[in-house]
Each structure stands twice: as structure tokens, then as C-alpha cells.
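Look for chain A in each of the two complexes below; its partner is chain B in the first and chain C in the second.
Let's look at the complex of A and B:
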């Protein structure tokens, strides 16, 4: 693609990534979450693919599939955290530690440090979806034929 | 104590974790991957057996995900809202079938799959399919059932079509995917209707609320249609021969077990979910006549097949007909004739495990044939018995068991079905017996064509792990044929009674009181 497109992409891609991370991070407070944020991040990968061509990204295929696996493993592992009580038990909620702030009753603007294992699971899903959709897009690009620029 | 309490969820979560971690281990080293696969497979089987023993000795097992304790079924507000696993006799029985088939498939795959032909991929999909099947069988929540149904659909279609270097698997996978998706959507629509009506997804809670209104009947129709599509009953059977025939042998037997998991979903819907509202024998007659139609059409189609894989596939479809016949007869006479209705149910349910073992054995033997000479075309095969001695023996055993020859397991379950369906209508029995005779003819021809006669070419004998897998299934066939009373008394009867009169117990286990 032309130098204009490449320059704009260099500016926009970090913004898309930041927005995706925001959607994932606030998944337990606002609409959105791991899947939606992951899809936003994957759209950044799609943009890179269009602008720079699949050849430049082909080397990252194995990394993406590894990240996808790790996201899925992290999700199941987080569910196993609660096996002392029951599978999927939210052991971090209200414990005072990471994401463990007790939620005060009544209306509030939303506190990021709440939700227990939920935000962590959102991150796991986000990683899985971003890497999974990213590798789908990448594979479509790689199999798409020889007209990559 | 603790591991026993958590056994139902571990049986689902561990193969799921196994599927996700397998590619990572494969990147490190192949032997690490194989070790992991064996460990996960053995642990899953141990958990399924633990669940079954607990259920058969001490009643229904309930496991509530995310609650303070596994038995905390009712959330604050007096309403079962969490995802829940409810394992009664029928679920435990189905879990055992899935574990048996999964174990055989895993052991067989070790020497059957080739490294350069996507062995890691196939094993990953296998564990995903296994987790989905066990999830369908153990869950006590309608939406969760749909999720696991879709997990099995995706994993099964990928297993049929992952060999992208051949053209036919892709076509079979596409056909299967289309029908699975339509079936899954029908099920989802029905669940949406029920959710809109009663605001709940828990099977036990829904069952206590369902009154049999017009909307409920529509939901029942959609569930029946969707699940019968996944099962491969006759009007929607056309995906089954393609999928079974084109899938590699270790995946084909998982597809058979997956079909039975959908069949289990059908029983759960008919007997537990709608068990209180459904009193007309019309649905029973529908299931019975679809069963008879399925077995007749599938057997007639099997007669004309020349490909060994497709021939066995039509045999597999016909066996679904026997199960529908047995349980359909039970459903028809549920309110009126409890004495022999239960016999029909036992026959239909016993036939599920028999079918898993016999069809599984035949598919595995066909896989050996394909690997040995590179083709399964009966017109080109012949004399394989000279080289494949064990395999031909196993195929012969499987064929006899499938046709229902007396000392084997197929006879035990088919006899229960004949005996009870005769009392409903002799025509049903006549068609069922005709189907068995035709099956015997079909498989006698297949056996003669593939294994007997002069040696036409050198064949590569089966590898040890493949022989062990077939040996396990053959041992199950012989054991269930020689002492059917033991299996009927300790496994089949609790499963049949869980459906037949167990609805109140199922509801009480979840809702209390």
C-alpha cells in the first residue's frame, strides 16, 4: 500500500490496540469484555495484514497459535482455582487482593479493582479471541493467492 | 472424598484442558505430547468410572459450578440459576459408553495416525469432542447442553474434514456441518422459547414448570427435529454415511458415540424435561415409526454399498433405528403398560452400548483394511484374511454381534426389543427382524469379499496399539454377550429406570424436597 496508508496505519494501530485493551479491561464493568475486546485487537491484525501484506506477518503464525492455546489454558486454569470449593468458584472476589475489592452497595461509577477472577478470565478470553481471529485472518491472507502487496 | 465430589466436572474439564494443552506440549516434544494424552485419557476414564460407581450406589450426583459447595443448587431467591451438572443413572451410563469409545479411539490413534498427517491436530480435536460429549451427558442446564452440542458439532466436523489434502473429506465435513448447524439452531430456538416462557434454563426447574401449552409443543417439536437431525434418523440421515465413511477410523467411532450423546439428549428432553406434560402416546408413536423407518431405509441402503466404510456407516444408522424403536415403544406405553414398557426401554438403552462396541469394532477393522491396502472398495479387496488374521477375526465377531447372533451382545438387546415391540404391534417386530436378517446378509458379503478368498496382494498387518483397541471392544462384546444379566441388572436397569420413573427423583435432587 502507499506511504499515506502505511503512515496512517502506524498511527491508528496502537490506538486500536489500546481501545481493545480498554474493552477487555473494563469487561466486568461496562458493555464488552474479553470476546469483544479480542475482536477489536484482531481487527488491528487485519489492518496490518491489508497494509503490509501477509508475507510480512507470516512468521508470526506459530506465535499466534501458541498465544491462542495459552489463553484457553489460562481460562481453564482460572476455573480450576476454585476447585477447593467448586469449579469456577470466584475465590478472588472480596478477598482484598488483586481484583478483590469488596463492592460498596449503592450506585457507583464502577471500580476496576473488583470482580475477582472475572477480569482475569476476560483477559484469557481476550487473548484467545485476538490470537484466534488474528490467525484466521492471517491464514485467509496466506491462502488468498499471490496478489499481496 | 474431595476428588469423588468433584469427579463430574473433572471428567469434563480435564479433557478440555488436555485439548488446549496438547498442541503446546507437542511443540516441546512428541513424546511429551503422547505422555500427556495418555495421562489425560486415563484420568478422564477414572473420573467417569468414579461418577458411575457413585451414581449407581448412592443415587443422583449434583454439582453446582461456582457455588460455595457443590450441592448448593438453589441460589439466593429460591431459584436454581447457576450452571449445574446432574448425573443420574442414564447420564452415568452414557458417560461409560463415551469413556469406552474414547479410550478405544485414543489407543487406536497412537499407531493409526501418521505424524506428517496432522496427528497433533486430530488428537486435540479428539479431546475436544470427548469433553463435549461428556458435557452433554452430565449437564443439568438446557443452554449448557446447547453449548456442548455445538462443541461436539465443531470438533466432529473438523475431525471429518481436517485431511485437506483429500477432496472427499472436505465435502463430507461441509454436508455434516450444514446439517449440524441447522439442527443446533432448531435446538437453540426451542431453548429460547422455553426461556422466554419460564425465564429459566435449568432442566429440573423447567420440567417442574412446563404445562404443555401450545408454545411448549412447538419447543418440543423443534427439540425433536434438531436432535433427530444430529442423531441421523431417517429423514435427515444423509450426512451420516458421508461423515462416518470419510472420517478416519478413530474419528468415526467417536462420531458414533457423539450420535448417541445426542440420542441421550433426546431421551432427556422426552422423559425428564417434558415428562410431566407429555401424556399422549402420539410422540411415542412418532419416535417408534421413525425408528422403524430408519432401520429399514438404512439396511436397504447398506445392501447396495460397495465401499466398506459406507457399508458400515449405513449399518450404524440402522442401529440408531433399533434404539429409537426400543425407547419409542417404552414412551408409547409409558402411562398404560408399565410391565413391558420398561423391557422395551431396557432393550433400547442396552442396545446403545452394544452398538458403540460393535460398530466401533467394525469401523476400527475397516481402518486397518484401509491402512493395509489403501482402499476400502469391496470390488478390489479380497483375501485379506491371510495377512490380517486378528483383524478379520474381530470383523467377523463385530458383524455377527451387529446382526444379533445368539451368544453375542446384539442378540441380548435386540431380543428385549423384539419381545416388547411385538406386544405393541407385531408389524414393528417383523420389520426389525427383517432388518437384522438383511444386516447379516450385508456383512456376510462384506466379510467374504474383503477377507476370504485367495490372497490378492500383500497387506500391512495392524500395529499393536490398534490390535489392543480392537481387543478391548471385542472383549466388551463377548462379556456383554456371555453375561448380559449382570450388565442389565447393574447398569441398564438403573439407566432405564432413571428415565422411566426417575423424573421425580431428578427434580428433587435439584429443587430439593
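Let's look at the complex of A and C:
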């Protein structure tokens, strides 16, 4: 692609990545969550592919596969944390540690350090969706050899 | 009719116009852009109907990812539609 498109892409890709990370991070407070944030991050990967060509990103194919597996394993492992009571039991909620702040009753602006395992599961889903959709687009870009136009 | 309703009617008419352009245009790249615009307006309509969760998913998947996939596919094949 042309110099203009490449320069704009260099500026805008970090912003898209930051917005995707924001959507995943605040998944338990605001609209959006793991899937939506992961799709936003995957769209940044798609933008990189369209602008710079798939050849530059071909080496990251195995890394994306590894990240997708890691997301799925983290999701199931977090679900198994509560197996002492039930599958998917939220063991971290209200414990006072990571994401364990007790939620005050009544209307509040939303506190980030709440939710227990939900934010961690959002991160797992976001990682899986971003890496999965990213590798789908990357494989489509690599399919059939060169970009002739 | 309130301003809210007028905005929704305009958005839906533009969605239909974008979809019709996507079918009618012979240049496949232009058709893909029309489809992306239609999808983006549909996500605006979801936001107006107070479903921001669906709106984010529609904007991410419909407007960005499928457009990128179509553009990559057009790059691998022909740009003009055959008769």
C-alpha cells in the first residue's frame, strides 16, 4: 500500500490495540467484553495484514496458534478453580485480593477491582478470540501465494 | 415523530441503500466498501436501540473483519465482476 496508508496505519494500530484492551479490561463494568475486545484487536491484525502484506507477518503464525491454545486453557483452568464447590464457581469474588473487592450495595460508578474470576476469564476469551480471528485472517492472506495487486 | 425516530428511519434507509449498492456495483472493491458502510450504519442503529454490546460486536466483526477478509480475497482474485 502507499506511504500515506502505511503512515496512518502505524499511528492508528496502537490506538486500536489500546481500545481493544480497554474493552476487555472493563468487560465486567461496561458494554463489551472478551469477544468484542478480541474482535477489535483482531481487526488491528487485519489492518496490519492489508497494509503491510501477509509476508511480513507469516512468521507469527505459530505464535498466534499458541496464544489461542493458551486462552482456551486459561479459561478452563479458571473454571476448574472452583471445582471444590461447583464448576465455574467464582472463588476470587469478595476475597479481597486480585479483583476481589466487595461490591458496595446500591448504584455506583463501577469499580474495576471487582468481579473475581470474571475479568480474568474476559482476558482469556479476549486472547482466544483475538488470536483465533487473527490467525484466520493471516492464513487467508497467506493462502495461494503472492499478493499480485 | 420525535427526533429519535427520525434518526432511526434515516439510518435504516441508509442501511438499505448501502446493501442495494453492494449488490448493484460491478466493481467488487466498491461493493465491499458499500457493505462495510451498511454494516457500520447497522451498528449505529443497534446503538440507537440501546444495545451497545451488540453494536461493538457488529462494528468489530461486520465493519472491520469481514471487510479485511473480502479485500484479501479480492487481492487474490479479480477485481471486476464478470458478466
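Here is the rule we go by: the second predicted complex is superposed on the first by the 145 of 149 C-alpha atoms of A that agree within 3 Å, B and C clash if a C-alpha of one lies under 4 Å from a C-alpha of the other, contacts with A are read in each partner's own complex, and residues count from 1 in each chain.
Definition applied: a contact is a pair of C-beta atoms (placed from the backbone, for glycine too) under 8 Å apart; a residue touches a chain by one contact, two chains touch by 3 or more.
In this text the structure is predicted, and so the values were computed from the model without any measurement.
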By the touch definition at the top of the document, which applies to A:89: first (chain B), second (chain C), both, or neither?
first
Could you say whether A:140 touches chain B, chain C, both of them, or neither, answering first, second, both or neither?
second
Report for A:66: first if it touches chain B alone, second if chain C alone, otherwise both or neither.
first
Who does A:23 touch here: chain B (first), chain C (second), both, or neither?
second
Looking at the overlay, does A:100 come into contact with chain B only (first), chain C only (second), both, or neither?
neither
Name the contact category of A:79: first (chain B only), second (chain C only), both, or neither.
first
Applying the document's definition of touching, compare chain B and chain C: which contacts more of chain A?
C
In the superposed view, which residues of chain A touch chain B and also chain C?
none
In the complex formed with chain A, which residues of chain B make contact?
6, 9-10, 13, 16-17, 20-21, 23-24, 27, 63-70, 83
Chain C contact footprint on chain A (complex, rising order):
23, 31-33, 35-36, 39-40, 42-43, 46-47, 49-50, 54, 133, 137, 140-141, 143-144, 147-149
Quick one: in the complex, what on chain C touches chain A?
52-53, 55-57, 60-61, 64-65, 68-69, 71-73, 75-76, 79
Could you list, by residue number, the parts of chain A that touch chain B in their complex?
62, 65-66, 69-70, 72-73, 76-77, 79-80, 82-83, 85-90
